[in-house]
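Should a chain be cited, it is by its letter among A, B, C, D, E and F, assigned in written order, with residues numbered from 1 in that chain.
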């Protein structure tokens, strides 16, 4: 009934969101979701809902469920090498099982 | 001597401005550990309303203005924007550690303009009865954009020099399609466009155009103008809290940024005042306009400059330029507004 | 001929309304790729304040109104709501592709009323000094709900006919407990209730009742009325940006929706003006009231209609009705407001 | 007898206040299942503006006030805060089930003060022309903090008694560094500091200080004061909707909380009125000030008290104290405002 | 110390949130969480924080950790068949380990 | 290319957020993300975006990707025993694979 797939999760500053979305589109990913948030990391604190002077530095989480693990890996590879080299952000992969496999 | 005493008295009087007290109050409650948070949605709305208000006001005024009056001040603004960054390149950048980009980006932020500081100056001058050409706030982008451009170009030159073979593929992230390879010439057009697309400048430009062509005077007088002072007071609280919160970040970068953050606004404001004064002599630029030019020069960009620089100079450390600007530069620039007003009181014998 | 020139002159004057300029400005900055975003929380607050303002104003007026004056215009509004959807059923639906539901839902959205267009008309008429019965905006639900109901009933009939055995279990999602099987009669009560529970109509109804029984005149005059025009200008920017953003979506549906989006507001507005004029002749419905009725007819629901239809006609493609309404119908309806005002100037020799 | 009729007439007149009608309207639309939601960002902004307004107004007034006039009312406020919680300890807590903490925390919430109720009383008295010392709203923390402190101390005593060996490590969660072991003395300082750091009290204190030292009169009169009544009407809608939503929760706790929620505001308000009347006799505390003191006593904390209690008395069940306060206590307190005004009309023969 | 369980994630338009919550309640699920967001998919772009004319078409993510995998599957089955047939939305399952197993 | 790790997810009322963050910091976790939301559970309904009188009772999700499973377990253990004993909140662990392992 369900099909195995992987979920690629990217947490970056909003500034990089267009770049991540471009990568996903170019890789032919059929869809993704975006959740605004906050966080703490090597580059300090990003508050989640309080006024942030520079909106482009707010944290967003981008989640894309994809069928093809290799494609997800390629996207993550490009991201970490090209875009996150000296920028905030982390990337991870996790296993999922999906319904309506045709959608992915 | 008398002049100096007059100046001190005027300065002291100005410092008690309620607008600035909201800034200090924001810092104080942040220092005391308040759990008060102004929601981000409110902050963003306030910025839009303030920028629309500034744009509409200026646009309405430009309808009646003699365009030739604007030319010289606009030129002065651009010269200041470029000049401030060049000064930073020669003073801050060499002192700021191994990577000149950090210093250059910081100089870019200080050359650019802070919308909140500009708005505060408008309210303080209104409280003081000091008049300025209503189009003067529209000088904003004439200083802001040249400063950011200069910083980006200088950063590219610095990188080209330091790594002539520039093999790194530090591609430009995000929206600004700036090529990262050191050897390539930076493309000016896309950077200007990107800069104008930021939320603050978009709103300013929208207001400016509507003010010039759409006769929005009723809604200006019934909504934008009355909310201006009140929203500014909330914005001051936010800026104060943010200044305090970012101090920690500043501690992680070189000491010289703090020194620059304190002195640069005063030096730049003085230069702005001087150039404005020349424009006053040449074409009768008003004393209030001179003060506004000084304030723009003294201010450092807190909302719109940083993302443009982050996209175009990815190798510069944002902790440096944001810390120096938000934690020190902006409070110092805000608190220096009374200085320029008092100076105008004395210089122009108001 | 003279009349026509008068009309053209009046129309031209009206088109320069600052309210509409904010709409066009919003489109322009969206087209230029602005990163400006009005936060959703602000948008929702603006809608609540506008609807409360409209409701309170109408409620306060109804206290003094002769209820019998309202009857005929309310009837006209309902006739328009039903009639517009029937016209769409006969013209748009057959042309719009294999599934008639898409066309029917679109006709439902165009029969329903846009709160923002209504608010804009109120401000434009105030700017023009054209007076209307203060209860006239309360005609909104009398047109809105019958239109949505008619569309839902027609969609069910269409499905019953096209699939008499209706074996699909396309159960109604969400809140509207409408049975999906073609053969069942649609239940009117729950749909009306669901429609009234939407944010915009709830706020309108709350304002209406409070205005009628609670004497909220002080807060109306000190808060709701002064904010009305300013919040509307922000809403116009949002609608403009949204119209531009949805154009892409519209390109994915049949061409005929774009044609309908342009022509329907003009035809419907004309019908509204005509019926309003009859009410003017019969019971002295004011010229301003006639214009409001025309505007409601011309407008298409952008906030509250779509979710009701989505829940009740799940098989209709939202890209069709939302694209046609938000991207084309609402801008055209907004820009047609000056037309009805100019028409009233001429017809009623104001 | 005549006096009683006068009182009834005054009470009836007051009950039609538009401010209260927004509360009832909010309850009504929630009961009817509206999908209207006021965004959280707007709610939080409204609270900040209201509290800044109250603080600024009081601060401006304190500049001119004779501080000795304030002493007695402030003492009365503190006595009320402590006294109300002690009464609750002796009446509610023994009846409220096995765990006395639930009752004690509820008494703490009812001893504390509701910002929205206070604001509503200010508007109602303004509508009625009943004047009060402009610094009177600043009595808020003098009642609020002692009440919360008393509840926390009583809860610790109760736990120490019930579990003298108190081995459980129910460590204090969150920000309030209160030791959980029954035997330890509660530390008063951190609790007061934590309480003052809450969003509502921070904003009140900020306004108070700025009002006292910064002369913010222009922005007070152009922004904070005009928005006060309008924002309050929106807040009333929110409180009404919330009261309805929390009723379900209340059903899950003991019956006695509902009884307490109805009677306590009336008893406490009566005590407040009485103490205020004594202050009136002693130092000429104004009739309006007496009403405000009664309202503060009648009100129960809905924004800032609960988190302080939750952190400091983690074993108390929030459903009990929040349900009793939000669903019943606050509406009853709001609807009792006209009672105290009518009482003042009669007692002070206004 | 930990107990294996599954997390059912549903991303739908807000319009369908009541239906999903009804399904969860009927299935006896003890709790769930809801996160507002945005996304891109077959039905185009849903912005996350910007003004959206029709609030009911905004994206929400609903996450329910459940003990009983079969129950999660039944819910997902009903959802995809009955509610998401011609509506926006995706559903996936992922493995988790929980503390305080009694809560689920 | 990827390294296995675990993701610790904590859903609590905002009141407990500082306590969770203190625990994470003390455990030497290098970063975490925070997402505001809503939910339904044993303590009733928490709305996600609507006005909530008491902000401290709003729901937040805290996600921390950590390398060392034992550390994650210790944090979860302390949380459930000490802080969530009679408070709202749930905790779970899930498997992930990360890039740039040095960051965690």
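Simple rule for what comes next: a residue touches a chain if its C-beta (ideal position, glycine included) is under 8 Å from a C-beta of that chain, and two chains touch if they have at least 3 such contacts.
Quick caveat, the model's predicted, so the values are computed rather than measured.
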Path length in steps (a step moves to a chain that is touched) from chain A to chain D: 2
Centroid comparison with chain F (C-alpha atoms), farthest chain: C
Chain centre separation in whole Å, for chain F relative to chain A (CA means): 19
Rounded Å distance, chain C centre to chain D centre (Cα mean): 43
Multi-chain contact residues (two or more partners), chain A: 35-36, 49, 94-95
Sites on chain D at which at least two other chains make contact: 37-42, 44, 175, 199, 226-227
Interfacial residue positions of chain B with respect to chain C in the complex: 39-42, 44-45, 48-49, 175, 193, 196-199, 202-203, 205-206, 209-210, 213-219, 222-224, 226-227
Residues on chain F engaged by chain A in the complex (per definition of touch): 1-2, 5, 7, 21, 30-36, 60, 65, 94-100, 103-104
Interfacial residue positions of chain B with respect to chain A in the complex: 37-40, 42-44, 169-171, 173-175, 199, 238-239, 242, 245, 248-249, 302-303, 306-307, 310-311, 314-315, 318-319, 322, 326
Residue ranges of chain B in contact with chain D within the complex: 16, 18-19, 21-22, 25, 28-29, 32-42, 127, 226-227, 229-231, 233-234, 237
Chain F - residues contacting chain E, complex: 9, 11, 35-42, 48-49, 59, 61, 73, 76-77, 79-80, 84, 90-95
